[in-house]
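The same subunit A turns up in both complexes below, where it pairs with subunit B and then with subunit C.
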Partner chain A sequence: MAERSISAKETVRDQPNASQFLLNVSNLRLYFKTTKGVVQAVDNVSFSLGRRRSLAVLGESGCGKTSLARAILRLLPRNIHTFSGEIVLDGVDLMKLDEERFRREIRWRKLSFVPQAAMNALNPVLRVGYQVAEPLIVHFGLDRDEAFKRAEEVARVVGLPVDFLNRYAFELSGGMRQRAIIAMALITRPELIILDEPTSALDVLTQANIMNSLKKIKQEFDVTYILITHDIATSSELADEVLVMYAGQLVEHSPAARFYKTPAHPYAQKLMASVPTLREDKTLEFIPGQPPSLINPPKGCRFAQRCPYRFERCAEDPPAFSLDGGGVARCWLLAR
Partner chain B sequence: MPENNVLLSVKDLHTWYELRKFGFIRVGYVRALDGVSFDLRYGEALTIVGESGSGKTTLLKTILGLVPPTKGVLEFAGKKVDASNLLWLRRQVGYVQQDPYGALPPFMNVRRILLEPMVINKVGRPAEREARIREVLEEVRLVPVDDFLPKFPHMLSGGQQQRLVIARALVLNPKLIVADEPVSMLDASVRVEILDLMRRVQKAHNLGVIYITHDLSTVRYFSERVFIMYAAKVVEKADVRGIVHNPLHPYARALLSAIPDPDHENAHRFKDVPPGEPPSLVKPPEGCRFHPRCTQKILGLCDREVPPEFEPSPNHFVSCWLYR
Partner chain C sequence: MMGFWAVFAELRRHPSAMVGLVIIFLLLVMSIYAVIRIPYSEAVRLWRAGEVVWLENPRNAAPKWYNWFGAGLPETIKIETAAAERTEERVGESTKRVTYRLAFDFPYKRFPQELALFFTSTYTTVPPQLVLSWRTPDGREIPLGTRTVRGVERYVLSGDSTLLRRLGRAPEESLFSDPKNPEQALSGRYELVMDVYTFEPGASLSAKFIVYGRVYGWAGTDHLRRDLSIGLLWGAPIAVAFGFTAAVGIALIQFILSGIGAWFGGALDILIDRLTELRMILPLLPILILVGMLWSRSIWVILATLLMYGSIGGYKTYRAMFLQAREAPYIEAAKAYGAGNFRIVFRYLLPRLIPVLIPSFVLAIPDYVFLEASLAVLGIGDPILPTWGKIINDAYSMGAHFKGLYYWLLEPAALLMITGLGFAMIGFTLDRIFNPRLRSL
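This part shows the complex of A and B:
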């Protein structure tokens, strides 16, 4: 693992070109079978993510952002209807790997995951330190002492006091448990870490502390983050790029510098206008109506029913238009 | 209405929970609320901001009469609240819960949910009740009313469920609404809608509102006065502008600087947040409860004496020795 991080440092730190993309997702579809019909949780999503970039996936509940993460990780429930498309991580087409190879070669080694509310999923009868070190023992065959030494190093990085490793989960506060989970995701030095709402259940100060740690980790280790969240203000703490999902589809993927000032897609604009700000006076807006059902979603643009700029063309499915200054958005208004 | 215009008066309220070992040996108390005093006028909206464990929910439960106060006095509309008039109190206080789906009985439809408070409190005749149900549903914009009446909670979206919870809180024409994080479970786009609704209802009926939240950024869209709680005490009381633009207590400052506004620059900055966690409420620290985490503490004072309330500028109260 040490070799990897050295070679990775030699690559350019700027906007990567195509060959440097760590993750390439194209035409990803994930549909679930339910008693009411087929739910199109992720529908034709394509994006690329460069090394050491962090991507914030934003969207409201039910828009498919967690399903997107689960599809990349291949942590899927049994009621799959369709799972197709291409996911290329570091040159390896993940869709071609069978379950066993995926488990051995990808999970933990290249890809790790901090699930939602994971801090409540720590094993209550094992010491936290063992749980942090376990991936090394299981996946890399390290012996206990060595694995524990590494666990201590990682604990220092995430801001978890080293003596906490000898405690049990119930002796730790929520923030400390979340740090333990992040340490666990980091210990195998994966290239990509997917964080699903890492701070949503935590207090404001704890949240700020964890965000600080995540930023520090990003500077010190060569990691790429995918941060899945509905909290737009918090997402701006980590994001280099922003991907907005609506009703199972990607609607905008833009560099963060542009997105937080001038989002391109009408949905993203409305979403930004609904975020309360502390320091700046603005009139808040809300989006009337509800997202469509993902069982038989409407044809054409899925946001059309709630969109103030709707016109005839919205009945057709909008392709991804590229935007000035990088990024894409799927909206007919951008057609020229 | 009493001449001083005070709807709810809280004086030196303490709520301690007993800690027991093996179910009967008393080993101490959790001081969930330790000396809180304030007055709420008719038609006034007050926000209480605090982290989990700061005692904000206990304050609310004590006001609702769900937990008896250990010490202190609670007066509602000029009358002292005790065990004998709890029913009278609860008829005039509406409660908006945090998790709308959890707060609505899944086996009752909208009509039944709104009828229930009136049945329990023996209010009105059937026709009047029906009319009142329609009235509140229109008020919270669950229209057309006839479509919503037979629906069950699971058939409603999150925002609609929260509207129904607000309708239920309003159905008895209360004078005070207490809302415990009413929007924290909702999506950003719906949040504003619900806050707007609560604000409109408050103005229309001149309701007193106590809004409890951990999210300071929604506060300015909702109320005039803000209290900040830390470790079972109110540390700062001020109007919204005072808190947002000129926070005085070191904890309030940390809290404000920790809240991000959506801005790309955040990604390149580290936040200046105090390390550590709020103290245990079983054995709170001597003196100021924030002193173990405070960067500006005065040794020999902050760790010995409990700071009283100072008023460095008019109507801006802070419990911190820096302002003595």
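This part shows the complex of A and C:
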């Protein structure tokens, strides 16, 4: 959190010097149509992310983490109700691009993705090497051999043995598949990589291994990460900033150093209190109740129902308050 | 994805598949042999030429292997004057008599089918004349009358009504019958004696005598004296090519169309779906009959009609599978890295379901082989090509099954069945290999 740390004001408000940020998301809304009603999966989320920073997006299942990633990637299901807001990546307003331009100019050139179900994200009928190399063939028109050479380089960086490139996905272990997917995300040297639960479903040793690889990659490739996870411990390894989501909304966005010590939002505090620690003997806490339905969510603070500090103002929608030491949080307790 | 050799190794574990492979291999060998041995144009010429080309063959003759089972059917015997015993005598100033003794062994109990003489004479004004007589093995001599031969002539003794009246019985029977048992032929050495009189210097006459048997070749002949082996041989490449092209063509078009429809969805999906429903109520056979009657019966037109008809089918099943495959995480991953729609369809979506495609088209091949044969049996097959279906059609229309000419019907039918069996055996095994859930069955 040294010279590049982002002040609270910068994070929320419009920036005079927006190019300092790689990604600017403002008022992003993504609602789905379902038979029961409209699900507000991502509701009015705004944040900015600087170059070469890592952002961990935390939250429990169904809070909209993955939807947020998909909204940025524009990997949307068919039942879209509302998709609005502004996503500016490297000075380009993504919302104004049509599908074809988005595909050609953004996907994998500037923005790549490591999907959640990485175990199944490889085509079973193509060799791993071809798949790792394919984005180069698609986007840069490289010929096969050259693309393969690049794939070998990237495979070395992510710790994937080069001879594995000649295998099919089902011949690889989970960790190796995950590495292959990461290699695929890196091969075009994008500026932003969104990692959706990159280490879930892997054993702890493999997790650690992959997290170390990701750190190494970050230094070598100068990339910016958005790491979506519900594993707070893992996120602490990589994150420079933390964004906590609850019920489709952003509740806190803070520098990691501060966040892991003293989270500001009551939900974030509860979340941190639920993480087991190795040496301290503490009772793990959990949050009673469950997140509200995202169809007709309650007015005001969405966490109010489960919040131990609830008071009258919680019936109103809290704005984002800037915090000491950087960051913002949406809670009336922080009002000054 | 299994490689070719992996599939082959797997196939080897199933005896039925190996039998199927052997059958298909033999069919291919037969097809290649047919195409090399009798070129296409030659096959068509021979098949369509009618009786003229085949005059020397017996009509409706059974295959030779009938005799292996003790049928005792006579084979065709040909004797030419050039190879016969010849005595020459000058009987006048410019008149010459040449006597030919056309001798042959006839070791059969059954009568021959026909007797015919083919003459070629050369002369300027007065044509040569000849006196024919017949010698049986027991030494009888039967005069057969005289003839004048002008140029090239054919004299069918068995069809000569004068001779019939004089002998009181069909010549091919009375000339061969055993006096002790008139219903049987007398075996032994027969002689046709020809006294040829020429009246000019330089005039000549040559002849070929044919005693038509009742067996011919390995396949027999039909009512036009055609050698069935040509039709049976050529039926193989046509059946395999037609079946394979139709099955592969239809399966691939259906498959690709379904993949595209299911991937893009929306109006395209609805359009293909409605077309499929429309097709489902259109009957294939009447359409093919109409096309055959009103337009063309060429096998290519039939194939094209079939491709157009078949290609819009199968959408319902494939679509269901593709809709499921479309949601696979790796397809979303491909989309995320910016793969274009066609790359996703052809590299990601379609290969996923190839295991379903392969057994289904192998199993579909005999369907189209049979369809082509059925059309031929119905009389709307290709009129030019010799095919198995056409042979069955000929046999049926000529009443082969009433006349006891079973080989005529059964040979093409057996080839059709064996072909179907071969593809079915492989198809079912492939289905087991590609769809492992069936393995326990």
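Everything that follows uses one rule, which is that the second predicted complex is superposed on the first by the 317 of 336 C-alpha atoms of A that agree within 3 Å, B and C clash if a C-alpha of one lies under 4 Å from a C-alpha of the other, contacts with A are read in each partner's own complex, and residues count from 1 in each chain.
Going forward, a residue touches a chain if its C-beta (ideal position, glycine included) is under 8 Å from a C-beta of that chain, and two chains touch if they have at least 3 such contacts.
The structure displayed is predicted, hence computed values, not measured ones.
Enquirer: Judging by the criteria at the top, classify the pair subunit B and subunit C on subunit A as clash or fit.
Expert: fit
Enquirer: Considering only touches as defined above, state whether A:K261 meets subunit B (first), subunit C (second), both or neither.
Expert: The first partner, subunit B, only.
Enquirer: On the A-aligned overlay, A:I181 touches which partner chain: subunit B = first, subunit C = second, or both, or neither?
Expert: second
Enquirer: Which partner, subunit B or subunit C, is in contact with more residues of subunit A?
Expert: Of the two chains, more subunit A residues are contacted by B.
Enquirer: Touch test for A:R107: subunit B only (first), subunit C only (second), both, or neither?
Expert: second
Enquirer: Which angle, in steps of 10°, is spanned at subunit A by subunit B and subunit C when each chain is reduced to its C-alpha centre?
Expert: 80
Enquirer: Where does A:A121 make contact in the superposed view: on subunit B (first), on subunit C (second), on both, or on neither?
Expert: second
Enquirer: Let me test your reading of the model: by the given contact rule, A:S274 touches which partner, first (subunit B), second (subunit C), both or neither?
Expert: In the superposition, A:S274 touches subunit B alone.
Enquirer: Using the superposition on chain A described above, determine whether A:S61 touches subunit B (first), subunit C (second), both, or neither.
Expert: A:S61 contacts subunit B only, not subunit C.
Enquirer: Just to be sure I read the superposition right, which of the two partners does A:A335 touch: subunit B = first, subunit C = second, or both, or neither?
Expert: In the superposed model, A:A335 contacts neither subunit B nor subunit C.
Enquirer: In the superposition on the shared chain, how near does any CA atom of subunit B get to one of subunit C? Answer in angstrom.
Expert: Result, nearest C-alpha distance in the overlay: 9 Å.
Enquirer: Counting contacts the way the document defines them, which residues of subunit A are shared by the two interfaces, the one with subunit B and the one with subunit C?
Expert: No residue sits in both footprints.
Enquirer: Across the complex, what residues on subunit A touch subunit C?
Expert: 73, 75, 78, 103-104, 106-109, 112-113, 115-117, 120-126, 134-135, 138-139, 168-169, 181, 184-185
Enquirer: In their shared complex, at which residues does subunit A touch subunit B?
Expert: Residue positions touching the partner: 54, 60-61, 173, 175, 203-209, 211-212, 215-216, 230-240, 256-257, 259-261, 270-272, 274-280, 284-287, 290.
Enquirer: Within their complex, state which residues of subunit B touch subunit A.
Expert: These residues of subunit B touch subunit A: 51-52, 157-159, 187-193, 195-196, 214-218, 220-221, 244, 254-256, 258-264, 266-267, 270-271, 273-275, 277.
Enquirer: Note which residues of subunit C are touching subunit A in the complex, please.
Expert: Per the stated touch rule, the residues are 1, 265, 328-330, 332-340, 343, 347-348, 351-352, 354.
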